[in-house]
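What follows is a set of notes on a single structure, which appears directly below.
Chain lettering (A, B, C and D) follows the sequence in which the chains are written, and residue indices restart at 1 in each chain.
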Amino acid sequence: MTGTTSDPVSDFKYYKGMSAAELVDALGSVGYQASNLKKAADIITRMRKDGAKIFLSFTSNMASSGLRGLFAQMIARGMVDVVITTVGSIEEDFIKAHEGKFFIGSFDEDDEALGDKGINRIGNILVPSESYQLFEKLVKPALRELIRPDASITPSELIHGLGAYCEDEDSILHQARKMGVPIYCPAITDGSMGFQLQELRNERQFQIDVVADMKNIALEAGMDDKIGIIALGGGVAKHHAILANIINGGADYAVYITTAHQHSGSLSGATTQEAKSWGKIKSEGDAVTVHGDVTLVFPLVLARVFEGLGADI
Amino acid sequence: MTGTTSDPVSDFKYYKGMSAAELVDALGSVGYQASNLKKAADIITRMRKDGAKIFLSFTSNMASSGLRGLFAQMIARGMVDVVITTVGSIEEDFIKAHEGKFFIGSFDEDDEALGDKGINRIGNILVPSESYQLFEKLVKPALRELIRPDASITPSELIHGLGAYCEDEDSILHQARKMGVPIYCPAITDGSMGFQLQELRNERQFQIDVVADMKNIALEAGMDDKIGIIALGGGVAKHHAILANIINGGADYAVYITTAHQHSGSLSGATTQEAKSWGKIKSEGDAVTVHGDVTLVFPLVLARVFEGLGADI
Amino acid sequence: MTGTTSDPVSDFKYYKGMSAAELVDALGSVGYQASNLKKAADIITRMRKDGAKIFLSFTSNMASSGLRGLFAQMIARGMVDVVITTVGSIEEDFIKAHEGKFFIGSFDEDDEALGDKGINRIGNILVPSESYQLFEKLVKPALRELIRPDASITPSELIHGLGAYCEDEDSILHQARKMGVPIYCPAITDGSMGFQLQELRNERQFQIDVVADMKNIALEAGMDDKIGIIALGGGVAKHHAILANIINGGADYAVYITTAHQHSGSLSGATTQEAKSWGKIKSEGDAVTVHGDVTLVFPLVLARVFEGLGADI
Amino acid sequence: MTGTTSDPVSDFKYYKGMSAAELVDALGSVGYQASNLKKAADIITRMRKDGAKIFLSFTSNMASSGLRGLFAQMIARGMVDVVITTVGSIEEDFIKAHEGKFFIGSFDEDDEALGDKGINRIGNILVPSESYQLFEKLVKPALRELIRPDASITPSELIHGLGAYCEDEDSILHQARKMGVPIYCPAITDGSMGFQLQELRNERQFQIDVVADMKNIALEAGMDDKIGIIALGGGVAKHHAILANIINGGADYAVYITTAHQHSGSLSGATTQEAKSWGKIKSEGDAVTVHGDVTLVFPLVLARVFEGLGADI
């Protein structure tokens, strides 16, 4: 063939008791996104075995979903060196760590009726307004403690501080704090957090130092490090993960999982191929874009990765 | 909540040795398409336990992929009563049953270079022209045997006849013939088959009786039967599966898996919800649309279904 | 740059009274799908000026929409040599020619409530069941006249015959009959038409000769002809348009407009680039894929084409 | 019908000299996204006539495209009260104001070859590295002037300051400064700007005060104002536009144009319908989501809006 591969397409057949990892292996010979999924698992396994610095980016709707536990598990397991996300993830992880509720509904709810009942919809996830009120109630005193008058604090320091308020083993903030994994959030005010910070400003002077975090993230990896990027969804989280590494020569390994397509020119839909024109990923980099919903794709990818790494999960 | 559900979102965590079926169960509480995937598995399990007549439709690119083996397995296992597909599926199943080759490549191949080498691309699947030439060589004598001079034969009879030429256990045609499962193909000429039939016409008179198959498919289920539809992808295969059942009062169970969206008004993207306005699915019908690539989604769905049904796989 | 182009991106600015054609010209320098839209208009203009045989394929949801008038206009204007579509287009064109009603609704209708009222939803188009009943009532006697006992008739002949029952200037069937433009429909039974034909079979013997139409469409263009394909949406209509020309050496010009993407390996999402690996489009062929809803894109494309051709519209 | 509408679908026909605005009017009766496009034009016209505060959000790939001129024109024409975008928009507007080049290429470029030539790809737009080097060279002295030692400056103040360096009439920064329209950028460091700011930090102390901008944007509209949101694409720009208004009771008018879908639960794909569950848009709000590439859709929408407003364009 063209040199890229000569693996034959093989018929997929299920057998009783097939493990998730075995299923992924079988998908590798199925074609289309099934094959890309297997390729993603292989690349993540290789980036980990190669000792690469691993940057994980995700959007906040994923923290709303049950993927939160998986992200926390990855961090706890030492599989992530740097996290980049939007502030909704911080808020919702915090809410869940304090027993705030999220429910499974449908994509076809009557939204006006939901609104009347104080229920907010995120796709097919339903969140009572009380869950957000819980956040406001609990985060206010935390921010007062963490941000002293006249302090200057970076978003990543603030998030590290908030981790101390989350005892939940399934909490991203908790595990990141415990493992010393920094969480960067370049748009820290773009959520309820923004309003809470602004209210605290009415009480005292302080600065959220976004510029210092730019230096911090650029130093997370050096020119001598191998770099791996796992970008789940798009937006500023994905962009920031890529941007932070461009100055270190681009990624050696990259896995993008997204429902966006490249045809509108958005960064969310930009592929690992496009990234090579920029030097965001090295020309010889090991990279794949899987097209699909992260909630479907990523647990399966990770099943294969965890088993492939062989250690305790 | 709104009555549809009050299941909480739960954190997904992987554990060593997790089976594919267990992973699907865990996805049910994750949200978005993960939850829809679990719902699809549950609905297929219920339609089977309820003794519904099960109509399976799929597009020919899926027969090009390794899903072919899974479809054959479903038929062999007695999980399908009627198959509807496009003629490419018949052709490619036949090719594979005769050792014709298909390879895994990439979505970014140099297509002009491939063309020069006689390699045809279907997404990231690469098919040498010899594989199609093999089909032409082998199907010609088969058609001569199956279609006698002045005969009138329906597409489903013709496909049943071709099944005798496929000894492969992983062949859809083979298993369908063996199990007495009819395969309907409303656009039987839309492929290489069309050219072969037209050449045979130069030799002898015969008719492909598409009208009789309309009666046949309409009689596959009756007003007293429970009906289940599994529509993978869109196109005429999906439409025909739905159409055939509309006169029997619509489906009781329906699972659509598709990458298309409803916003262009296409039937491929039409949801199980839209189907209720037509009576294609009963108002109280048990239905879900999973948005994703079938190669990713369906093996996982079936893992859960097979385990749930509990019998030999 | 890479040789493909060195046209600069230019700022789009609106001016009072800007014509649709001028807007398309300006879009050419905007980038993303705007530029592809302009490219599509240029290619269609060139294929027409070059005297190519033009194959137009579309899906039936487009005949449900107001694009029906534009297709009829294209045919009346001599811009199309061959039409390929699914049977829903024939049915809905016929219904509209007899004053059957279609309405604009929303994508978020309550489908169960619609069903109770006898209203069927196609995306945001609502169709009362009476419109389909009108089809059944009127087409039955027409079929009796057109299909004599023991007759053998091809789908394209049948559709040509039905054109005589449509007096409406905006009717695709009417204009195609008048202009001698054949309409191919490889899945003629996949709709209400299938049931009507099957009922007529209870009255008399006849054959719908799908094989002969395969020969007919293959002869629409010869090896010496330039060939142009305009494929709107996907499915068997798109596939058949391409297939019919593969034996004549592939298309010289091709414009695909679709909301599907190539990542699931579907033909609906297959690009003009992929087509080159198959010889469906010549390597040096002039081709573009525009990603977008045809109802948005095609009227704008045609505005530019009509003005560019300069003759009476 | 269901009360939402009873407008019939009408056949679209082109006539010589049809203006862009007339084409949009005709699209209203075509169905699918064509009808939604017309609805978007009507809503923007009404929000403007009603004196609503208009929030416009867009992603930076749109500033890379030729839409930049249209955004500048909207601002110059007094059609926008508040702009929210990502920092790439600021950078690329600045580059273009200083004659940096952007070219139209294709989506299928050889990315590794491009990389070797120092050309960066954004979809089908190609940007030489010199264009970004130009930015770095010019913005450094500008930042030194605008950010005095020990200063505290908000992102919107900084962008206002940069507007003084852009003399180009087609510049978003120029027109926004001239018209007193604030540009908010909640992730100001997520781009080359971030590195420039970090380098300046090596020279002097200063703060980018993201918290103060949260207060500023929340005060852009009051409880008594009518509010209109035009969200082009997704990401933090869209989220911030919505967030800023949620405390003022939600939007009265909203138009979303996006290629994303709601099925992954992303905010980028979240519809105006979903927004009603949150109170992001009032229950009785006048809202539509158009599914399509903004470069295709928005110029057409604006053509109708400009003509409908009737004043000088």
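In the analysis below, contacts are C-beta pairs under 8 Å (C-beta built on N, C-alpha and C of every residue); 3 or more make two chains touch, one makes a residue touch a chain.
Everything numeric here is computed off the predicted structure, so don't read it as measured data.
Asks: For chain A and chain B, which third chains touch each of them?
Replies: Touching chain A and chain B alike, sorted by label: C, D.
Asks: If you tally contacting C-beta pairs, which comes out ahead, A-C or C-D? Let me know.
Replies: C-D
Asks: From the C-alpha centre of chain B to that of chain C, how far is it in Å?
Replies: Their C-alpha centroids are separated by 25 Å.
Asks: Roughly how far is chain C from chain D, centre to centre by C-alpha average, rounded to an integer in Å?
Replies: 34
Asks: What is the distance in Å between the mean C-alpha positions of chain A and chain C?
Replies: That pair's centroid distance is 43 Å.
Asks: Spell out, as numbers or ranges, the residues of chain C touching 2 or more other chains.
Replies: 31-33, 61, 64-65, 109, 114, 119, 122-125, 261, 263-265, 273, 291, 293, 295
Asks: Per the contact definition, I'd like the list of chain B residues that touch chain A in the complex.
Replies: Residues of chain B touching chain A: 1-2, 4-20, 22-23, 26-37, 61, 64-70, 72-73, 96, 101-106, 108-110, 113-114, 117, 119, 122-126, 170, 273, 291-293, 295-297, 299-300, 302-303, 306-307, 312-313.
Asks: Would you pull the chain D residues touching chain A in the complex into a rising list?
Replies: Against chain A, the touching part of chain D is residues 59-61, 64-65, 86, 88, 107, 109, 111-112, 114-116, 119-125, 152, 186-191, 194-195, 197-198, 201, 206-215, 218, 233-236, 239-240, 243, 247, 259-270, 273-279, 283, 293-295.
Asks: Chain D touches which residues of chain B in the complex?
Replies: These residues of chain B touch chain D: 31-33, 261, 263-265, 291.
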